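Below you'll find the structure I mean.
In order of appearance the chains are A, B, C, D, E and F, and numbering begins at 1 in each one.
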């Protein structure tokens, strides 16, 4: 299996609900360095997994929806804890939609899986992997 | 599948037995930067894979058993080569025990797999992955 | 000249005032991975720049004042933009105070300079360096 | 499952054919930082996945075939786009051959899989994984 | 003193003249991950070293002049070895010009120094530092 | 000023004397990832700070003296604490000697300064810088 990974980042604020979060129940924030990995069984006729330029552009567009925002103000997330692992799943969904809509090119429909990993610091990161 | 990874480290001495090890048959040492990755099919009701605070605390406790030690002096390892890959397996076992004992919280029993990766330098690392 | 560097991090929310900040005028956040570098002309009798255990403990205490907070709510920062470069200077001040108060040990008074570097992402970081 | 990873690099020139490559159709170049990961179900009697010294030596020999070359001049690649993902597959093939030829030691024949990952920058990398 | 650092990259081909270069006398290539560090004695009224958005944009423009090129084809470099250390100096010159031309904003004229560091692999990098 | 940096590593055991070291008074170990930075005011006629091949070779030879050793067994270090900062100074001395002896080429005598940085983990490192 082949994979291609591109990296970008977003800087967000949020707060969590639930005693398990301790002081993180208050408003704080994070830089998420985001790695998106595209999977494919065979390369296309250009020897590509996916057009890396389109991949980087679409990832940047997806993250722009959240970058420099307070996630507590995003209606879709009301009543949800926007943990690192949850946000990995959110970015996965946005990227999967973009692929289905053809925003990564027609060939991207041959992709079989996707991994989104968010690094929240030098000592912690979370990932969501799923099929396409 | 969701994963969460936490990082810590330990600094140990050891020696190896067997001609294949060449000069590493003498007493030398290593810093192991340790990444433990917890796997889970679905997030819990707080949108977590595992309580990251407990995960970091338990990993630190597990590594404290070996940190700043000469592994040649640990009875459990007598007659065993404490290679990087072997120590990944040892840390895996300790973390799996901690999960079963409830030290990472009741919800951690929903974890389905674990990966332990030890970085021994900027050019070498080893990993053990297994189900829980 | 000798230096010793220790690393820790903090996760904060904040907003900026001024058109130059564009969308960063809204509440957002950052993970700051913080490197503090201690400078000294000669090592002490133990061959140390500073007690690394104390250095890590004091840095953690200094960052705990800000970690998991919204910096907009910190009275000391009212009317100030808590940019990465500014926060590097703030951490510098706290660490310099700690050194003067003897919290890094009596020998730490031989330190001659300090650098605080905050990494805000994989593509941006800021630093303050000054004498002690 | 156990894995061991070793890292090395190569610095190459090449050009691509196809409009999708835009300005990369001209001669340009890349540093590929190469991670090769060896997989094995059980450790050998020395507690090793593979002899790390042999692994590093063979990887260096494999990369020497391409390092400091213009890949456009390599007959084997005529008419092929030497993308990062393609070169990951090429290095995989060379390493798999070396394992079969016994160049990583007799025990290396117990290896069950191999991953080759090429980092082309701080924001992009590609990987090929296959069984042995 | 305060500094701010931004990172980008370029992927180039080139060849060297002189026996000291050995096989690097042939056409090969490199990814240069480029860190530009801006120095300033005091922050401006917005608590900035320099507008990080402008800094990243101008760096990207400067590198675009070389990115995806064969440096052997750049007239300015004829008869010069475009080593990593030389290219650090070239990028320094371009960035210093941009600052003088006001492309990083009027306030950037308060900058006192600049460092350009090019990482050519995980084991080698070169830097040029000069006053402004 | 120009600099060039090369990286290598060594894996050593040692123990410390003095209550300040706590549990590190016992035999333990470290991987030191070593960065050596060569400084020079002007490039040579080949546009080099120093021959990078020679620099890497000599650094490897210098580290081979300590790699895979127990530093407690090195006569030169008897009665000395081989802390990270001390070992940075030791490597500095060996590299400076090599430069004076011409092992980095005749041109290396134009070098004006040297920095040796030892990374002992992902959260700690130490450095010695001096003129040549």
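The working rule: a residue touches a chain if its C-beta (ideal position, glycine included) is under 8 Å from a C-beta of that chain, and two chains touch if they have at least 3 such contacts.
Just so it is clear, the structure is predicted and the values come from calculations on it, not from any experiment.
Student: Starting at chain A, how many touch steps does it take at minimum to reach chain E?
Tutor: 2
Student: Count the touching C-beta pairs: is E-F or B-F ahead?
Tutor: B-F
Student: Could you tell me which chain lies farthest from chain B when each chain's centre is the average position of its Cα atoms?
Tutor: Chain E.
Student: Using each chain's Cα centroid, which is most distant from the centroid of chain A?
Tutor: F
Student: Can you work out the rotation angle that lays chain A over chain B using Cα coordinates, in steps of 5 degrees?
Tutor: Superposing chain A on chain B takes a rotation of 120 degrees, nearest 5.
Student: Look at both sides of the chain D and chain E contact and report whether the same residue positions are involved, with over half shared, or different ones.
Tutor: Both copies, chain D as well as chain E, present the same residues to each other, with over half of the numbers appearing on both sides.
Student: Distance from the CA centroid of chain B to that of chain D, rounded to the nearest Å?
Tutor: 27
Student: Please report how many Å separate the Cα centroid of chain B from that of chain E, as a whole number.
Tutor: Between these chains, centre-to-centre, one finds 41 Å.
Student: Which residues of chain B are in contact with two or more other chains?
Tutor: In chain B, 7, 122-123 touch at least two other chains.
Student: Report the residues of chain B in contact with chain D in the complex, numbered from low to high.
Tutor: 16, 18, 20-22, 80-86, 88-89, 122-130
Student: Given the complex with chain E, which residues does chain D contribute to the contact?
Tutor: Where chain D meets chain E, its residues are 7, 9, 11-14, 23-24, 26-31, 33, 67-70, 73, 120-123.
Student: Once bound in the complex, which stretches of chain F touch chain E?
Tutor: Interface residues on the chain F side: 1-8, 43, 46-49, 51-53, 56.
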